[in-house]
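I've put the structures underneath this note.
The two complexes that follow have subunit A in common; it is paired with subunit B in the first and with subunit C in the second.
Here is the complex of A and B:
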């Protein structure tokens, strides 16, 4: 087997990426206006400059030209094929008339946001990963939202664990750093946030054997790319409770804890919030942690953005036994109640679909609410103590249990969106269960640590519709009747977008992009496209016209539960594309 | 369902070559290589070794998709699969009959121990993570009262597990015999370590076979016939003996 040294691979990558960067600089965007730090904190309403539009991860745009009354007049403005095949989970961004589209294998394209014409394309020379490195190759076909815009750059995290800073005007590499060692299994699957001159990112690959004991949220200086701090989700010597929560298992035998969704940031307290995934091996019986909670897996972390110091944590699923990890988007919401502003963090953080509202200044649990059918949590006390369902924890190897939701969720990477118009959080969900069994996995690819067999995804008993969009009323107390649920046969496959036009926009495995009424859940518009709707739809305004961007393509969220809606055949091709809609009567 | 674009649907034009995917990083790699050569010889074919897909547990989300691509595009034989009930492989892969039976062993640093039963209860034993040996060890412990158990830590890095055995953090380690022979060959400090009996834990034995695309029914029949003949004529026993395995 070919062995690479980090130094030689990096040298090769540097030299080749510089060449490619030049070769790919087909065009130059003149007079590009930098994304200032103030814009990151308070983006122009007409733009979409981060994964969820704003750094509080709300997924809301105040644009309202496309609204309840006009949405059924939407027409296709332009479409564009993505640059590579594979799972499509992209999050396009738009600033100053340029649509930045990141696709698999870390290819970034800059398109004219009015016409869809290519301005430049960056194809990184990724470190050659041997074909047999299945995990890394899978991840490279599964990039989610791996770019951020800052000043006149595009900041990219890569499957070979680098951070690359591109010139936003021409796609050339300005600087890069090998943040982690891909040789032991680290890879980036989500993008960073960049704020106050700091790139804050989180590494994946922490279930691979070579990464034992270390999984990190990490900060780099934007200018120098020097590391400023890192926080280890698996090993916090400053917290005896964290150490004890793994029982007799020392850090060198701990895996998991991957923060695989981009975090949010609160400038008021200079705090960044990240979600953390499951422990590995998945079953406590195998990982040896007995009845320990395995902190900080399945937790929300509140970190000081300057130092990485932990301010508080809250664990959403202790003692996870089924790979129901909880890393998904943490959304920051301010609520006026009784003349007082409450600063909340809301989220459906985990695959089991349970909604949580926390006080984001203290981590105090406020309330929670179930969405899809789940049996992994038996109850949550008023003080926020989560009781994992011990009856379904694996008590013997070879024993099978039916756990709901499935390893594919419930909730997955597809992000929910909050609307300040209704004070509701809208979340795309899937009803699904699967059998799990702790099993041996050696001989083939024994260097990952999950050690569990998952059965096919099936609908919970009595449920015939896989897809669910749920609107949850947000406040300091629970209002279970304040929202709505819309069910449908095909599973939901994209993130949601909320707009000032009163719409919730997203799509499904049946290739429909839909606009729901934020108030009622009524479908106001739907359009069938070429493939399951995927990634994260977004919107922007140029020359007085509002555009709606909808990515489509190959979707694991569609295929994993497709047996639940056999009447809707999935395409056999990937079809990864982006469709851009706007209203008629415009001549631009 | 995989996008068909990722699958190489062309008819192979490889003549007398059989492509054997082998994970040389696996302790079983030398065995798999030798067996693939013997099978190819028996079928009057030349063998081409292809690096096997690694990096996943066989049950991980995404692995089976990568494996399906790999098996279709790169391999005629994917060597080194445990032939066992509840195999995770779906209809696109077929398993050959096993070509070897290789045990797990218990290794200790203490010269006073001749079996697990000699190691004080409550001592820490390392086990090869997610292995059949670990599975049998856990199952046996679950059948004993808590006061009559040994503790266990899972290891994915066997060199680290050996280090912990040598520094006294562990009193024993359970790992597949080929992994142990590899450590013996590469770590001079391991020469003072000894294999002892696993009693009262039953000795786990792995049956090793290969995967073949379920489209290749003819190949599977031929390979199974070759495995049967090579088992009967002692070829596989000789390979195991040469590698110091299955003794």
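Here is the complex of A and C:
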């Protein structure tokens, strides 16, 4: 397995440190108020200081100036082009009047949140890898989520596997560490959480050949950047069940298990929750794991935030045969039922779109519900045992099966949002299937280990609308009559935002940002923009005015299924931008 | 990173016994130079903005590389994808001849050599074209060519099962690259070929 030593980490850090000096810092934000640990745990209602607004990953803002009655009056306040092209999956943050915007290649900009004027910009000199490492170049150079704000810093995870701490007032590098070795394939594609003086992050690139046997959630001290613990999703010698679940396949031949969505944190139990992606090679036939469940792939992990010790796990898709990752946002929700507070973890964790509710203190399965059409899971028992569809598991090279959802989801990185107003979880989804065929590939440096051919994404038979927003009633048991579904032709391409104004806000491949009524699903406002809506829309309040930030740009969630809605042509330009809306100012 | 040495040595010892189905022994060129030349023109205007001038991305997946060719498996695997899903702003909207030419150019970029045979959109013909085989410069094996040269020894690790007999793998000498391989690499897996 991978052994990454301090010596090699220092060598890599030194090799890149000489380049860091070229980072720019044009301006300074004076009198910046630090983000305290208490703020991380309980953010001001007027701000948006983490990927999903709060560290429980709910994606909810209590702001209500923009609401069911006023949303139709939204006007453009300002717009801004992003600093780089490429897939746009950004999650802007706002604190103390500064909008922090990360774009591809780890460029971070601090903008005046009132005007959109640039305060400072940070451009890292990233380590170069050979052009022939095509999969790594493609996969790593897309920043799915976020940066983190802590004290007077911006904490940044990079495509060349560094953690960089920037001065939030001027964008200058305060310190950095080479957390993993990019030369074997590791990269950060999701941002960290920072809480109680600890940076908790998860590395990506674990389906790239050189990373065999190791994929990690890892903790570093915020001040010293010394590693405190790491948890390997592919190899846990302390758990015989995990070891047995890979059959005869040793750690040296295991890939995947990437936790490529930012985790959540529960201060009540000091637990951090992360989702884990698929195993690779994708098909058990080629993987060699036979009928093994390949733990901890496609699982939820509950880890002690101080030690990294595994408290519990729950596997949402054992024996994955089709690259149907289950790493997506784990959302922490407290429900009052019968005079008792229940502490739930809710999620549509995987590409197959199945919703799960778990007891987050024990990992106990409570209930589940299908959303989009899927045929990867045949049933889920009352005790939470998931039965993966053996009929569609690949039994021979050259055999083709049509699996739903597709490798592009179903559900993907676009995060759902919970609203305490309705106790519903709102999820952006896509109806899609694809043909898969197991292949045998000789692995090469910087390239993937999936060993699978994917056909083009197609709609499931009988379905003509790719896009689906679904509202799921959250509770300790399933509410058959709760929630709603709203369908549309173009696919959903952004995360969702819920607000105290009773709105669900998100957007699609057709360039529309929309506001749905949380209660009914009715579209209350829509605005067509320059490109597919992407990233994670967010909101904040300054000087008594609520702002709505909507990222747009180049979208794989649009392009992968655009053949399902050919009447809505995608732009060939990337157009990566942010559009910021607010209500008309009564003073003006 | 370490791979058990016995796996490496085992792989080197038995790699010479690879047997390849006839469908994977495609030696001849499968497109004309004119098709590839035309295909490059279309690629540069329809594909390069995302897939890159060198077909290596990074804003869309790479289209060259051994792993890419092996994963698409046959020319049909690649053609059927691009003809229905590409380019994303107008999927399937190009003339069939254009897609065929672009396919020819992608094959050429992967090392295939043009000749007298014209590439067509005929599904059966496309299915008969193994991408790894036609884009390899190595001698081509047949079902009778069971004595392919063993790969050169190398200090770098390979897969747990490296070197065992496998179907569907073209017989290019497999230099031990230091890259870990699938657990089942080198073993014979069931195939419907």
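Just so it is clear, the second predicted complex is superposed on the first by the 551 of 588 C-alpha atoms of A that agree within 3 Å, B and C clash if a C-alpha of one lies under 4 Å from a C-alpha of the other, contacts with A are read in each partner's own complex, and residues count from 1 in each chain.
Basically, a contact is a pair of C-beta atoms (placed from the backbone, for glycine too) under 8 Å apart; a residue touches a chain by one contact, two chains touch by 3 or more.
It should be emphasised that the depicted structure is a prediction, and the values quoted were computed from it without experimental measurement.
Upon superposition of the two complexes on subunit A, a steric clash is found between subunit B and subunit C. In the superposition on chain A, contact is made by A:184 with subunit C only, not with subunit B. Of the two partner chains, neither subunit B nor subunit C is touched by A:420.
Contacts of A:399 after superposition on the shared chain: subunit C is touched, whereas subunit B is not.
In the superposition on chain A, A:407 makes contact with subunit B only, while subunit C stays out of contact range.
Of the two partner chains placed by the overlay, only subunit C lies in contact with A:213; subunit B stays clear of it. Of the two partner chains placed by the overlay, neither subunit B nor subunit C lies in contact with A:482.
When the two complexes are laid over each other on chain A, subunit A has residues 1, 85-86, 131-132, 134-135, 137-138, 209-210, 212, 248-250, 252-253, 281, 285-288, 395-398, 437, 439-445, 447-454, 554, 559, 562, 570-572, 574 in contact with both subunit B and subunit C. Residue ranges on subunit C touching subunit A, taken from their complex, read 1-4, 49, 54, 56-62, 64-68, 70-73, 77, 80-81, 84-85, 87-93, 157, 159-161, 166-169, 174, 177-185, 187, 189-193.
By the touch rule above, subunit B contacts subunit A in their complex via residues 1-6, 21, 23-26, 28, 51-63, 65-67, 70, 74, 78, 80-82, 84, 86, 88, 124, 128-132, 134-135, 138-139, 142, 151-157, 160, 176, 206, 208. Residues of subunit A touching subunit C in their complex: 1-3, 85-87, 131-132, 134-135, 137-138, 141, 184, 209-210, 212-213, 248-250, 252-254, 281, 285-289, 395-399, 437-445, 447-457, 554, 558-560, 562-563, 566, 569-572, 574. The touching residues of subunit A, counted against subunit B in their complex, run 1, 85-86, 130-138, 142, 185, 207-210, 212, 248-250, 252-253, 255, 281, 285-288, 323, 395-398, 407-408, 437, 439-454, 554, 556, 559, 562, 570-574.
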